[in-house]
Amino acid sequence: MAALPGPLRGIVPPMVTPLRGRDELDVPGLERLIEHILAGGVSGLFILGTTGEGPSLSYRLRREMIERTCRQVRGRVPVLVGITDTAFVESVNLARSSADAGADAVVVAPPYYLPEAQPELQEYLDHLVPELPLPLFLYNMPALTKVSFELETVRRAMDNPRIVGLKDSSGNMIYFHRAVGLLHHRPDWTLLIGPEEMLADAVLAGGHGGVNGGANFHPRLYVELFQAARAGDAARTRRLHALVMRISDNLYHVGRHPSAIIKGIKCALSLLGVCDDFMAEPFHRFREPERQRVRDLLQEIKSETL
Amino acid sequence: MAALPGPLRGIVPPMVTPLRGRDELDVPGLERLIEHILAGGVSGLFILGTTGEGPSLSYRLRREMIERTCRQVRGRVPVLVGITDTAFVESVNLARSSADAGADAVVVAPPYYLPEAQPELQEYLDHLVPELPLPLFLYNMPALTKVSFELETVRRAMDNPRIVGLKDSSGNMIYFHRAVGLLHHRPDWTLLIGPEEMLADAVLAGGHGGVNGGANFHPRLYVELFQAARAGDAARTRRLHALVMRISDNLYHVGRHPSAIIKGIKCALSLLGVCDDFMAEPFHRFREPERQRVRDLLQEIKSETL
Amino acid sequence: MAALPGPLRGIVPPMVTPLRGRDELDVPGLERLIEHILAGGVSGLFILGTTGEGPSLSYRLRREMIERTCRQVRGRVPVLVGITDTAFVESVNLARSSADAGADAVVVAPPYYLPEAQPELQEYLDHLVPELPLPLFLYNMPALTKVSFELETVRRAMDNPRIVGLKDSSGNMIYFHRAVGLLHHRPDWTLLIGPEEMLADAVLAGGHGGVNGGANFHPRLYVELFQAARAGDAARTRRLHALVMRISDNLYHVGRHPSAIIKGIKCALSLLGVCDDFMAEPFHRFREPERQRVRDLLQEIKSETL
Amino acid sequence: MAALPGPLRGIVPPMVTPLRGRDELDVPGLERLIEHILAGGVSGLFILGTTGEGPSLSYRLRREMIERTCRQVRGRVPVLVGITDTAFVESVNLARSSADAGADAVVVAPPYYLPEAQPELQEYLDHLVPELPLPLFLYNMPALTKVSFELETVRRAMDNPRIVGLKDSSGNMIYFHRAVGLLHHRPDWTLLIGPEEMLADAVLAGGHGGVNGGANFHPRLYVELFQAARAGDAARTRRLHALVMRISDNLYHVGRHPSAIIKGIKCALSLLGVCDDFMAEPFHRFREPERQRVRDLLQEIKSETL
């Protein structure tokens, strides 16, 4: 375990889960990946989120992933574990495994099969939190869960000291500004942005950092962008943001679907020799033409000085 | 195990899961419920679907539910088990538990966290079916899974003899007519409709029956409606359909959300003394005002002769 | 003017608007089209609806279309005119032109730019009806207008004797059944279905007929299907419905967009020598490959006896 | 006519249309409104857009609005006129009226009844632009038009020198960043943001300004925020942005629907004695409780120094 600062500032990469097969971790790849990311100066690691393909993995593998990650990190940064599940009991089980392994916090999006009304979501949090051995971050991801943590639900969650932050992946900048407007209620609350294209905006708006997929393969870039934006260095912010946009345009839109982002990141990591790019079902790694585009992009980025 | 006819005709209720607590079956309630439903003349039982709150239950409880149901049914009708999951491996695990317990088939909707394109969904089926020890029904439920089994995917699935049918809960009558139009490719294929308000339409259109929630508490009504529509008895079909519409208007719209249908069915079963109406998180049973409305409806229905 | 029966039973084709150019009617084509349709035994004509490309036409052309249609029809069947508009005043203007030309009723969908809440939609009807010189049909088309006439709004509209019916193009069969359930409040109310794939279902459910695009080029087929369903002739209903499905599968899905239906109908009419297939901006007629598919379909249909 | 700079930088308020009745301008209110806005230092006026209730007004009134506005402005700033319409011919007619009255540019969103595919939208622009006597801005407003100007369509439009800019009201910050990424193709292209909550983000990202509804009643605030962001004055940007957020939270969320923004702005203008708050059908002005909330907000804002 690491100390979990409140707020947690900086880049907390949503780490991919390196796989060798349908139910098998790429263990050496995972170890290399963690070292690769930590070397970039990140402030934490978030595992088993959307980018981590959490909901696509067996519970056995999720537990293995939690244990191996915590063991490898050894408290150098806080480890946050995604426990989003349609089954309440399985979320609690994952949270217990996380605490046992030495993780620092858990992260939950709304149960995503039957949609809940906001009062139901509030009651869900009321029931969930007492069962959790670790502090909780909320994860707003309506494109995938169909249901948002609406701002009155976030405001109400702030009254519970065991809920410590919000990761917003809605892509809705107005929502994010409103979430910033709630921060004065809880000085220790952490507010992070998901889409890396909005990292600079989020920091300038008063957010604390980003949970940005690209930080898996180029952690330093996102850390530097965060720091430039936080320091108010407009020229440097603009330059690094432009590089992030180039990655986004080339890496995440090779395919047309949300899974394309994960495929792109895993492909880049594979090309860098960090880990395997095997995807959990029902998705599959990029084939050679897309892989070539990622190779070209990496070449291009490499020549850029940060 | 029962013989699984091809096609499977009639009413296959999507059975609710009677609960006494967050992770505890109402075992006597389950036994009574199964007998209550079988006494109504149904053609099968579908457990752990949407109405069965499958995705909201722990895996332990799902396995217990499979075993107890199969033991109680004792092959009197086929038992179909929902194995829909975001994790491929867990779907396969559930299918193996189903086969071990003596179930007859499994049912799968598209993995519902990250949305797939149709080619990915086709590949998913290609990979899943060889791992399954039981025949497979497809379950089209786009309102909850975000992704449809589009008709070209259904057509392609018909080439695989291990895939034996489709339950359509899209509510889209044009889709259903198109699905009927595919039946000549596979004379043994089963085509069932989800929404009970469309049961008569579906049978008149050439479908084989319904997976209708209301058959949990009034199985005879749905069986009779199915038979009337199949026999071409227009007057009787219209009268029974009107009764189904009255149930739908009063029972499923007490609340505003999809979960209201399940709450309404469980409430009716509780009032009839069949089983508990405890709901899996994050939902909760009806309170007294809604309960009174359901009580009134049941009184009203009781006086109707079928 | 014709007598407007209440309810209006049978087929009321949503007539296409034959064009020779961006702002020019194909006048001889229009005359032939009207005679072609009337010869099929239809119960009315609905002009300037979705299939009539109403919202895409200049007001000048819409007025010309109203006048020429009424003149050509000469009271042989009722003429219904679409006055759906985002501007209240223009809807009223169109209704006045319709009355002046001798039309029998007007048809309105919700204003479709800024979405209204249902109370606003109810007030809109309260304000609109007194300004209209003709009886009003409601037109439920949420895929295009974003807003539905929800059933409580329909129920409330039934209290106004100047509102005389509902055309439902939602494709939602449960909605249609609920709308049938309201008919006892107004014995003169007309309930028609839009999608022709659902015509048989709608009549069997207790609806009064259809506003079906295919009746532009093959009016007799839809009239016969309506009559077969109404007479309870199940075998004949099934056979004619299958033919309608074949048309739908081949004609309306040549392209992928809602406009494909209109393009398909106009293409068929052009191949039959009835009228031009020019489309209002921003759409364009089928090119040769699609045209060939429509030609093949027409050939196929021709050989079928009704 | 004014000189239309390329790019057009600063605040271009989407002016409301002051009404006294369903088809009657509040003429003195309009004159006061224009002077009130121009006194705030804005860079242009955009009339007959969404906030201007353009699609809800009769063509007669739209023409009167164009003429009176151009006459009152007398070339002090460029006047942009919304010509979005489902009917191509009516858009062209409005553009001609705009040119005759001395307006400087026209603005078009995708035709919004039948949805177009992007190639159809591109062809639409290809056909529209040659008919227009004035330069054209694109207006991206998918929540209301259902169809976006996707970025490849924008990129292609940049090849046409008669198309001079884009107003983005999607609320999608990633889209906006991508649109900024296209600016190097056309140094004279104007890129403006719709939602005022994103004005600071947009300017920091490289956009040229905003078309922000709040600038109707407090133009100076938005002009100052634009200037602060452009000058890189982070502290001042943050302070003024917070004030804009306070307005947004209190003024635009009094009601729940998109029309609430327009009602809120008109209510504020009415309280300030600038113009009437009559709304075009089917909407209605705020009633006293909401009006009181707006009154309180104005009082609060008044005490703030910019």
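Here the chain labels run A, B, C and D in written order, and each chain numbers its own residues starting at 1.
Here, contacts are C-beta pairs under 8 Å (C-beta built on N, C-alpha and C of every residue); 3 or more make two chains touch, one makes a residue touch a chain.
Since this is a predicted model, take the numbers as computed values, not measurements.
The chains in contact with chain B and with chain C alike: there are none. Shared contact partners of chain A and chain B, listed by label: none present. Set against the Cα centre of chain B, the chain with the most distant centre is D. Of all residue numbers used where chain A meets chain D, over half belong to both copies. The two sides are thus made of the same residues. Rounded to whole angstrom units, the spacing between the C-alpha centres of chain A and chain D is 36.
Note on chain placement: the centre of chain B and the centre of chain D lie 50 Å apart, centres being C-alpha means. Across the assembly, chain B contributes no residue in contact with two or more other chains.
If touching chains are joined by edges, the resulting network of the protein chains shown is one closed cycle, each chain touching exactly two neighbours.
Taken together, the chains touch in the following pairs: A-B, A-D, B-C, C-D. Note for the complex: chain A touches chain D at residues 171-174, 177-178, 181, 195, 197-198, 200-201, 204-206, 232, 234, 238, 241-242, 245, 248-249. If you check the complex, the residues on chain A that touch chain B are 22-23, 50, 53, 55-61, 86-90, 93, 111-117, 120-121, 123-124, 127-128, 144, 146, 256-259, 262, 280-284.
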